[in-house]
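Several structures are given next for inspection.
Look at the two complexes coming up: subunit A is in both, with subunit B in one and subunit C in the other.
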Partner chain A sequence: MVDKLKVGVFKLTSCSGCQMVLVHLEESLLEVLKHIDLKYFRMVSDDDLPNEPLDAALVEGAVTNEEEAAMLKKIRRLSRFLVATGACAATGGVNAMKNITPEGEVESIVYSSPEYVRSGKAFGLNEYVKVDAYLYGCPIDRNELVNTLMSLVLRVPPYIPGLTVCMECKMKGNECVFLTRREPCLGPVTVGGCGALCPSNNVACEGCRGVLKGTNVNGLVSAWEKAGVSPELIRIKLRKYTVYPVAGR
Partner chain B sequence: MSFIIKREDIPHFSRHVISKGYTLFAPVKGEFKHSFKKIAENQVEDVSLDFVRTTMPPLKSLLIPPRETLLKIRNGKVEETLPDATSRTAILGVHPCDVNAMSLLERVYMDRPKDPYFEARRKSLLVIALNCKTADEYCFCTSFGTGPSLEEGFDLLLTDLGDRFLLETGSRKGAELISDFYMPRATSTDILEKDDTIRRVKGMIRRHVNTAGLQRIMIGALYNPIWNELAGMCTGCGACNMVCPTCFCFNMTDEPELDSGGTVRIRTWDGCLLWEYAEVALGGNFRRDLSARIRQFVNHKMNYWLNQYGSLGCVGCGRCIEQCPAGIDITRVVARLRGETP
Partner chain C sequence: MADRTIVYEYISRVEGQGSLEVTISGGEVVDAKLKIFEAPRFFEAFLRGRKALELPELTARICGICPIAHVITAAKAVENALEIALDEKTIALRKALALSGIMQSHALHVYFLAAPDFLGYPSAIAASKDLADVVRRGFRLKRVANMVSEYIGGRAVHPVTLTVGGFTKPPHADGLEKVHNALENALRDALETVKLVSGFNYPEFEPNHVNVALSSGDGYAITEGFAKASSGEYFESRDYRRYVSEEQVPHSNTKRSMFKNNSAFEVGPVSRFNLNYESLCNTAKEAAEKAGIKPPVKNPFKSTIVRAVEIVQAIEEMRSILGEGVSIPPPRKTRFRQSSGSALTEAPRGLLYHSYSIDRDGNVLNADIVTPTAHNSWRIERDVFELVPSVAHLDDESLKRLLGMLVRAYDPCISCSVHAFTVKLNRT
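On to the complex of A and B.
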């Protein structure tokens, strides 16, 4: 038997939904805990940031201010393997919507007392530190989380297949929401692994798992335009989960 | 031997197939399109044979499931999880293009080395094919001789004659299935009516691929600017790979199995439109550009298959055209490369 994996679970700017996936593993959680030693997990215990080395860090959330950047760098120094956990950690996620509006505008819409908010632009972890692996999605997928943790326990690099949501949707034999209803679906350019959850429930893909390397977002946007999708709807689709930097628009 | 089944007897026939111990798959009408579904005995009324093309390539997914467990590794022992060879599956209402696509997959998976998973499923599969009674704007099977009618490759074959179906047997397995299902014999008028139907469908097919000397033309076009042009439109989604009934590539991954502490080896469908497909160790990639990946897809069907398996790798089902979000049309690509269309 290999040694238990020393793991820390950390949170920057995010909703904690991805950490909740770990909590909600339920029966699998007990199996996972046989192999990992949770050294830091704020959601379940009040300990301070650890000072001892970790085998792996799961970091949820976007970096939105200096304190978070400093905390992330400390986590990086402590950890042999760093996993960007969820859409916010991967690309900035929903938080990054505000990156293309004047500072304070989004905060004044969302919060009643925006003067208490201390955050600037939102970025994914790889803007500040080296990221060893990604768990995509909003929230992350529980099977991918277990596979990633168990791969790390076995000391092999985690692997998330590089296929698209569109392919998984076709594997299921779903009718295409774009071709049949002209709804702008981001499935063709989005990292698969969710089992095409949204389109399988008749909802166009929002792209929460990020843009898959090698796909062509601008080709997809042209197809939407040709199908008569409004510029406003296209703007909203590309902004929600930070697809716009890839599209260059 | 040829028989006649009345149209209203199709549910009764479906129930007969199930009663013979087969798991039955047949087309069911969805909101927009038909797709193949597993039919339970109380669902036989849902079977609907009025369709041009089903959403999914049905035969491919029955023979190579999109995701399947190949083996389990537990306590250092490898255990193959082969499909149950005694199980019996029947698929009702498969069009000629898809039956021919299955024959092409047999060349891939049942030649040396044989794929035991595919072989077990193929051997337990009974094919009740259905000649086409209509065609739409995406069909081009006549270019490859893979439709709209079938001469071989089926156990039973249906032809829609309006108020009734002509049923022909193509194998002993097929003949056995209907040996105790009462049907009147077909007459020469029925056979003539079948020929008329097929002639009429052939006349409905508007799309074509000119295959004469195609391989030489494709090789000559490897550096044609069209591939870059297509890369501007293509989303790189790989939907064409998934819906193509002859695309056979797969990926394999090992996944930890929590409760046993072992590992399972999983096979999933893969596609040449993906970046990762031609990626090798240390990040090298033989097809970095999307243009190279589209070129591979088109050339594999229209060129490389010939050397690999002795025929072209397209059956003209039209799914890749119909399902492409960017509207890329493989018949038009070939026509442009041949200089037949601007």
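On to the complex of A and C.
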């Protein structure tokens, strides 16, 4: 019998929601655990930080200070395969919204003695280390998590979603929130794989899964402008889970 | 007795990253610090300038364990600001969603965070080798809770349907039967859970706490009502700041939440149970009676039993609300004006406060959020002071284990609380 895959689950600056999705595998987690040895999962287990090498690390959260950057580099050295798990790890996520406010100002809004607080800008993991695979979304998708874990077990490259949320939404036959209600929807440029969850619930896509390479963000924004979406709302939409690379915005 | 310092680095089986440092001299605690090294995320800062309609969605991201509580509280605060009154069915459906969130969180806590201490395992996963039936029951309860959250909210973590003014989409009638069947089976599992945890060996400890919880004349208060304290005070969300203050204190890294400027207080399942016992359904009351608990529960360790009883309550109430199906109107339209609004609800871990000011264009001018764990943090530290003298004879390792259990009894949610804590990074 082949040795079980040694996996660690780590948390940086985040809400633990993506780790929760792992717990949400529920009884199938027990099936997954037939192939995987969870060496470190502090939220649900007393494990100490492993010293021996790991086959894979699932890292949740953004990097927001030097300590986290050092921790991430340590995890990287320890792990053969590193998975950026969720929007915060992939792009900085909601934490990155504060990056556009001058440093120091943010801290003083929340804390009366901000000198105690050490926190810089928030970044995704790939600003600091090589990332081998991404699980997108806020939070990550349960099926994609299982697929990635099983790909690791089988030692094949994990599946990478190659279609947009908009395509998935069309395949589901949903009424388009942009065409019918003029709501700016990021579906046409966002990595699919969530099954167009938000638009299927009458909510415009907020882009939590990041930009799919090769899509035309500028074109989408022009379409919003033509439909009368206010410049202010466009600016806000482009700075949420992901800061979109759109010229002049 | 020699002076000693007990340090519990990166407390396991709690949400987020915190440590406990306790200094003992002559059998008495001279200092107890619940330190949070989790990096703060500055929600109150980056919410400024965002749209009020985004608040439920964005504040969900404060916490992956109790996003539902944040979504509902944010929506209510904005609705209060704009004086939007909701219909009874929408209010009831929100309560059912909130209850599913409480059940999710309690199932996680009882089986995966707390039980390993009492069963003698480092984790539920490790316990599953010997106690597969028990662990599977925990997973089943979690699955049913998630199913209801998904049915009403569209997703279990960070739900999507709840919006200012109502829901973007009503739950579909087709899924209802499956949900009811699951809830019916879950009730058996929940009652088994009460039995299981009532058999645990709880440390003896009966401190006197001020309990604070939401209360209302209409059922077990979760999403509607006013705050009530065991010391006799009542207040509404708009008066919250007159009763609860925060203070930075020397020698401690946490910002203390204080009740009426001087006392530590407790929020959460025990407070709800103690203050609203009469509003529990009969099934939950009977379960509590069989488990040997009645108000006032003073032992914080026994919060695990109360959580199990609350799972029973949540199941019964969700069944009753979902009934033959809930038809709700489309969300109420929002018309913005310069205004402020606040809301108090019961998150799984207790009283949660959101307050916002918004301008006439619907932009957020100011945000103030205080989470249950922030409310409880001073209470946890005070408990350490009160517990240790009776157990000071224990060796360091046993004492550390016991103190870990004490912290865990409050089910602290550290990601939630960090924007309310002053943070000193002391990771080693």
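Assume the second predicted complex is superposed on the first by the 230 of 249 C-alpha atoms of A that agree within 3 Å, B and C clash if a C-alpha of one lies under 4 Å from a C-alpha of the other, contacts with A are read in each partner's own complex, and residues count from 1 in each chain.
Definition applied: contacts are C-beta pairs under 8 Å (C-beta built on N, C-alpha and C of every residue); 3 or more make two chains touch, one makes a residue touch a chain.
Computed from a prediction, not measured in an experiment: that's the story for all the values here.
Colleague: Superposed on subunit A, are subunit B and subunit C clashing or fitting side by side?
Modeller: They fit: once the shared chain is superposed, the two partners occupy separate space.
Colleague: Contact-wise, after the overlay, does A:197 reach subunit B, subunit C, both or neither (first, second, both, neither)?
Modeller: A:197 contacts subunit C only, not subunit B.
Colleague: Based on the superposed arrangement, let me know which partner A:79 touches: subunit B (first), subunit C (second), both, or neither?
Modeller: neither
Colleague: Of the two partners subunit B and subunit C, indicate the one touching more residues belonging to subunit A.
Modeller: C
Colleague: When the two structures are overlaid on chain A, which partner does A:65 contact: first (subunit B), second (subunit C), both, or neither?
Modeller: It touches subunit C, and subunit B stays clear.
Colleague: First (subunit B), second (subunit C), both or neither: which does A:14 touch?
Modeller: A:14 contacts subunit C only, not subunit B.
Colleague: Between subunit B (first) and subunit C (second), which, if any, makes contact with A:176: first, second, both or neither?
Modeller: First partner only, subunit B.
Colleague: Going by the contact rule set out at the top, does A:91 touch subunit B (first), subunit C (second), both, or neither?
Modeller: neither
Colleague: Examine A:242 and indicate which partner it touches, taking first as subunit B and second as subunit C; both and neither are also allowed.
Modeller: neither
Colleague: Quick one: minimum Cα-Cα distance, subunit B versus subunit C, in the superposed arrangement, integer Å.
Modeller: 13
Colleague: For subunit A, give the residues common to its interface with subunit B and its interface with subunit C.
Modeller: Looking at subunit A, the two contact sets are disjoint.
Colleague: Can you list the residues on subunit B that touch subunit A in the complex?
Modeller: 30-33, 35-36, 55-56, 61, 66-67, 231-239, 241-243, 251, 253, 255-256, 258-259, 268-271, 274-276, 290, 293, 322-323, 325-327
Colleague: If you look only at subunit A, which of its residues touch subunit C in the complex?
Modeller: 11-21, 23-24, 26-27, 29-30, 33, 38, 41-47, 64-65, 67-68, 71, 93-95, 97-98, 101, 105-107, 109-113, 116-119, 138-139, 197-198, 200-203, 206, 233, 236
Colleague: Could you please specify the touching residues of subunit A with respect to subunit B in the complex?
Modeller: 28, 31-32, 146-147, 150-151, 153-154, 159, 161-164, 166-167, 170-176, 178-180, 187-189, 212-220, 222-223, 226
Colleague: Which residues of subunit C touch subunit A in their complex?
Modeller: Answer in residue numbers: 10, 12-17, 37-46, 48, 50-51, 54, 57-58, 61-65, 67, 108, 112-113, 116, 122-126, 128, 132, 135-136, 139-140, 142-143, 146, 154-158, 160-161, 163, 168-169, 248, 253, 415, 419, 422-425, 427.
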